[in-house]
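Here the chain labels run A, B, C and D in written order, and each chain numbers its own residues starting at 1.
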Amino acid sequence: MHKWFSLIQLFVVCGLVMGCGSSPESDTSDGASATSTNAGITIALLPKLKGISYFTSCAEGAKQAADELDNVELIYNGPTTASADKQAQMIDKWRLQGVDVIAVAANDPAVVSESLRKAQDAGITVITWDADAQAADRSFFVNQATAAAIGGGMVDVMANDLGGLDAAGDVAIISATATAANQNEWMQHMKTKLQSYPNLKLVATKFPGEDQNAAFQDSQDLIKKFPNLKGIFGISSVSFPGAAEAVKQAEKTGEILVTGLSTPKDMQPYVKGGEVKTVVLWNTLDLGYLTVYAAAAIRSGTLKPGATEFTAGRLGKKQISGDQILLGDVLLFTKDNIDQFDF
Amino acid sequence: MSDMSDPMITIENLSRSYGGVQALSQISLDILPGEVHGLCGENGAGKSTLIKCLTGVVPPNTGTITVEGKPLSSGDIHAAEEAGIAVIYQESTAFLDLDLVDNLFVGREIQKFGLLDRRAMETQAQAVMRRLDLTLDLHTPLQEFSIAERQMVEMARACLRDCKLLIMDEPTASLSARETKTLLGLANQLREAGVSVLYISHRLEEIFQLCDRVTVLRDGKLVCTTSIDQLDRNQLIGQMVGREVNSLTRCEEREGQNNEVRAKIIGLSSHGQFSEVSFEVQVGEILGIGGLVGAGRSEVARAIFGADRYDEGEIQIDGISLKKGSIRAAMDAGIAMVPEDRQHQGLILPMTVSENLSLAILSEIMKHCLLNDGTENERVKQLIQHLAIKAASTKMEAASLSGGNQQKVVLGKWLAIKPRFLILDEPTRGVDVGAKAEIHRLIRELTAAGMATLIVTSDLPELLALSDRIQVMCEGRIAGEIDGASATEEQVMRLAFPRGEEQPI
Amino acid sequence: MKKFAYEFVLLGLIGVVLASAAILDPLFLSQNVQLELSSEIWELGLLTLGMTLIIITAGIDLSVGSAMGLCSVSLGLCMHANLPAWLCGLVCLLTGLAAGAINGTLVAFIKVHPLLVTLATYGMYRGFAEGLQSATTNAPVDASDGIKSIVTGGFPVIPVLFTALAVWTAILLRRTAAGRGLYAIGHNEEAARFSGIPVARLKFLIYTYTGLLAALAAICYSARRSATAEAGMVLELDVISAVVVGGTSIYGGRGRLIGTLLGVLLIHETRQFVDWYWQRSELTLIVIGTLLILAVLGHRFLFSRNPQTQ
Amino acid sequence: MKFRREGSLLVLVVLLSLLAMLFDSSFVPDNALDILINGIPTMIIACGVMLVIVTGEIDISVGSLLGLLAAMLGLLSSTVSPGLSVHPYLAILIVLTVGTLIGLGTGCLVVFGKVPSIIATLGLLIALDGVQDWLMGGGDIKHFPQQLRNLGTGTRIPVNLIIAVLVVIGTGLLCRKMAMGRRIYAVGSNPSAARVAGISEAKIKLFVFALTGLLTALAAILWVAKLGNVSTSTGAGLELKVVTCVVVGGVAIRGGRGHLLGVVLAVILITMIRTVLNFMDLGSEAVKWQRAIEGVMILVAVTSDHFTQQQQTGGSA
């Protein structure tokens, strides 16, 4: 008997240590327990996944906003891989913990739908940002760009860098897994857009998954297989740097252009190096900032359905079109301006 | 050679206990240089504990061991090795995946600049092989050697280490008579080279053949150490068990010849293992299969039981032909088999005695699709009584039983299905004399009660004592049949050796 | 009582987790929250039933999560084609059965090491799930009303089904010849075969059973989320962890279903609470990984038999 | 036949190359070097994991460990925030040390804690993945000093390939030519006999786990050097790839048997599957099945050999 008790004691001690360890954590914005606040608005911000610069910079912007709005407490947590299922689990927990607003960048509208609906039923304000869910499952979408704009934008940028309407040559797409919902949607729009550039031919689409080495290998193989390859779209956070690095190492810098979605900080070496001419993105800091402002405004009732604009702190007035709050212009980062952005 | 009066090894007042059980108490023993010293005793008499103390695997509680006058630090495997004590275990300790040279040198490789010096090792290996008069290929993985050859490799390994005392723990348990002879010859060579040998065997004839002196242990105590000339076989057994046992004399002849055939084996062949094996076993009859290890005896037994597939032939039980390669079908036909390897095939050591005993009759102790504890306990109790299994509780693990009792559990498991045809493969290997006699008695009783029995054994006295008829196998074929009552060891051996290879004794 | 000593330790650990929760955030323990969070436990629980049997025979199945994904996609295809719910369910179950049977055949009859078989099928089943989904619907499929009614209907189908299966599996293990055979196989396969136990058949059946359970888990999952190739991703790690934390020996021959169930509960509550309170996905991983190692260390430390005392 | 498995793997490699050459006649000269280079991390770690498996244990934590060590290297040597701009050689030294120590820790859990290696490393697989994410905080780590990148790219000589070849040769020497190697095989072949032969099982196992940690650190360094980027997904799933290569290479999972040559061929085979499929005109639909095709090929590689092996050894087990 004695031995078991000693083990149980050990675990009690561990438990207590864990408990004590929590207090410093709760000071930070992303470690707070939601339930302790009564006053103010608790906003839970859910990215598609944690651990990539894109969402980390969004979270930074969100934190700035939360600091400015002194009645807002911000929770930032997300899955470690782009898993819609894990997102749904988190939404469920937040509902049970009784947060005021849940702001979701949905990995997959279908998978999170049920959880979002339940959250709304429980009186929680649900908005989406970055990637929309089904329209009925949320009140507003903080729209930095639609899937069509993102997909089309990448093609336009590529075509523009390759010589505008006359752009000619082979292009290829390196995606994530074959089932990644966002990427699949973007690809749909990319293919549509590519039709306006008759001389650009999409020769291959690859699905290296979340594997950096595989993304590199796929790009490397495509470069060799298609001598006329002029452009690669790296449309995930893993495949974009993988493709750029492959071009660099194949010594095709300047001959083959890479583009995709990325934060300027992440792609700065490749933009400087010339593998990437233009990166499409919006100001992610502002996206997080706007999302939190919108969330607070919707919750406190100052922003109601039907409004056409609202004021978001340092961003000033922002347009609202239907149920979509528009962030504004897409940014194009090039060699010349990339150093000016710090995110 | 040193003066014969100086002992090579001196053991003084050695005691060792395991959790309250005194495994060895106050053992004192000398082993002289160039002597083959026999160590006898029933299982559990303390032989293996003595070996473990000598080799430093366990430290003794009290007592000292000195090698050539120098005390040996206790419980230190390396010190024992350094002092020149080497062991050949009952179960081969060869590395089957490594080749012969690697096996000889593993643990004490010859190195040059941190790399293996293959050439030096090969040279030494060749030298030792020549010395022992062995012709084995140096680069063949041990897997491809026979068990006897592996034992010889172990002896070569011991020689290579310049050993002073070689402990041989049941080295011949799984060897055929011819291989045993070679091995004993090797031991003799070592003796002549001045090496002391501590020889442990249940085969008393080997003790008499080989040893100069013999020490008998019983219940952890030393009974006597005497010159072998002063004992005869029965006296030695008497010293071991504390009474005289005469297990290996033939019992009265089978009464009333019953000619009903229980099992009929017709032209059984399996590629590379045995071919065209045919024989019959009658009700109430014990049929022995003799022959050398590797002659295909166990393989035939396994094929009959459905444990292995065979290519051609037929097995009939009571005239009905048996599905091949299915143990279930064999069991349904009433065949039971006590396999060769008790630890790996016969028993499930970590399971309880009760679970082991009921393993073959699970379907019988089911009630409404569930196992019934009551029925199980009852059946188990009956079996334990019937076989006189010595177990403190039916809930203890089979692993904690002695070898003899373990073998009785295996036998009990099969008797539980009330077999009509019992196959025994080496039923008394590593079993002490007392338990052996009991197992023999049981086999006789059950057979007389209407069972047919097939026994495969390398133990010639056992074969001769038990069998009503003997089939001798040689190189996968039946070489001949001998009547059990009149058979002699020479007759069996003459048939067992391949033609042209037979050697005068 | 001594027999269930380890189970009491597990109960104690669950107690510690719940007690920590009570101190740090009592809301976590409220009936409503626990009930809601429990929706995730059933899939884990179902898969551990089969995994316990497999690990008791000294085997392992790394492919359960992938098989679940494949089943979910097959269910999704059927629902996409507007087939009736029972037919969708049937196809899903058959898919699971087939996935399990492939593992079972290779392990039991071809005698390939289970780690190798399921390592290969782990990638293969997930590959097929992803391929199938992206080649057809190209998106997860919402559960049809028929399938959804499993969770939304008033009757708690899944908990009842799980309880029934758990009881059945426990009885199978403890009280039937097949169960005794599984333990025997785990301890010593050769001796089990020589005792007339149908080793190959039993092994085939447990892998197939596990495949079937993966299909059931896929139905549960798809009913509450949607039918997707993502279903069961990395779940195999939790399943194996729960079984091992529950006291089943990875070397085979030892383990009880009650331990597994407590293991499931411990893993579930720990994961949920760490997720709930600290809101750090990476911390959850660290805690679960450490828990697994500590549990096995603790089991060794407390219950390893000392051969010298025998 | 001693090298039967190696022979059949070689045949498969040749067949795959021929298949690819149907689509691109200069496939082999164009891609051989790249395939070898792409297989480097798998190859280096496989050398360690192979030895672990030969001793009868297994290590499935290498993927997470590689990720963690890559993140650590990133944090130490990256020239921009959150990197500490430690001198790259010092960073490399630290990472190699930490890798070895973690490997040694795993070994201690297995040897002294008596935790079954598959469970100990499963726990580490989960926990180290968490530690990696926690260390990285959020966001890829880039901007590595050129000295570090030179190990993977940038110069005419493929330094990383030379290092990998040296590791393979070293492991080969260890296996064939050194006492330690013989003892590793001895422990896996027959542990109790090894004990009797005076070999310390504990020491051997600690050594192979520590070596695997060291090699994983080396692989992490070359990974970062080549790709110049560490993300939270770095290393994910690599453990399965490595174990697959080792067993496809003919190393017996029960220990004691297997040749390095087989593992080398298996790494080449499994690395080239992806490239070969990339060179075949799969079309936009078929490409979605690429992972499934890879899975089937691995299943075939793992089992097909078993069919023939079973025939060869007959029924005797």
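We adopt the following convention: contacts are C-beta pairs under 8 Å (C-beta built on N, C-alpha and C of every residue); 3 or more make two chains touch, one makes a residue touch a chain.
If you're wondering where the values come from, they're calculated on a predicted model, not measured in any experiment.
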item	value
For subunit B, the least number of touch steps when starting out from subunit A	2
C-D or B-C, whichever has more C-beta pairs in contact	C-D
Centre distance in Å when subunit C and subunit D are each reduced to the mean of their C-alpha atoms	29
Centroid spacing, where centroids are CA-atom means, of subunit B and subunit C in whole angstrom	45
Gap in Å, rounded to a whole number, between the CA centres of subunit D and subunit A	32
For subunit B, residues that touch 2 or more chains besides their own	none
Interface hub residues of subunit D, defined as touching at least two other chains	129, 133, 288, 290-291
Residue list for subunit C, restricted to those that touch at least two other chains	130-131, 134, 190, 280-282, 285
Chain pairs in mutual contact under the definition given at the outset	A-C, A-D, B-C, B-D, C-D
Contacting residues of subunit B [partner subunit C, same complex]	18-19, 305, 307, 327-328, 331, 337, 339, 344-351, 355, 358-360, 362-363, 366, 369-371, 400, 413
Touching residues (chain side subunit D, partner subunit B) in the complex	173, 176-179, 182-183, 185-186, 188-190, 192-199, 256-257, 314-316
Residues on subunit B engaged by subunit D in the complex (per definition of touch)	55, 77-78, 81, 87, 89, 92-98, 102, 105-109, 111, 114-116, 118, 271-272, 308-309
Residues of subunit C defined as touching subunit A within the complex	5, 8-9, 12-13, 16-17, 19-20, 23-25, 27, 32-33, 36-37, 39-40, 130-131, 133-134, 138-142, 224-226, 228-231, 233, 272, 275-282, 285, 298, 301-302
Interface residues, subunit A side, partner subunit D - complex	50-53, 55-57, 59, 80-81, 178, 204-207, 209-214, 216-218, 220-222, 224-225, 237-238, 241-242, 245, 248-249, 263, 265-266, 268-269
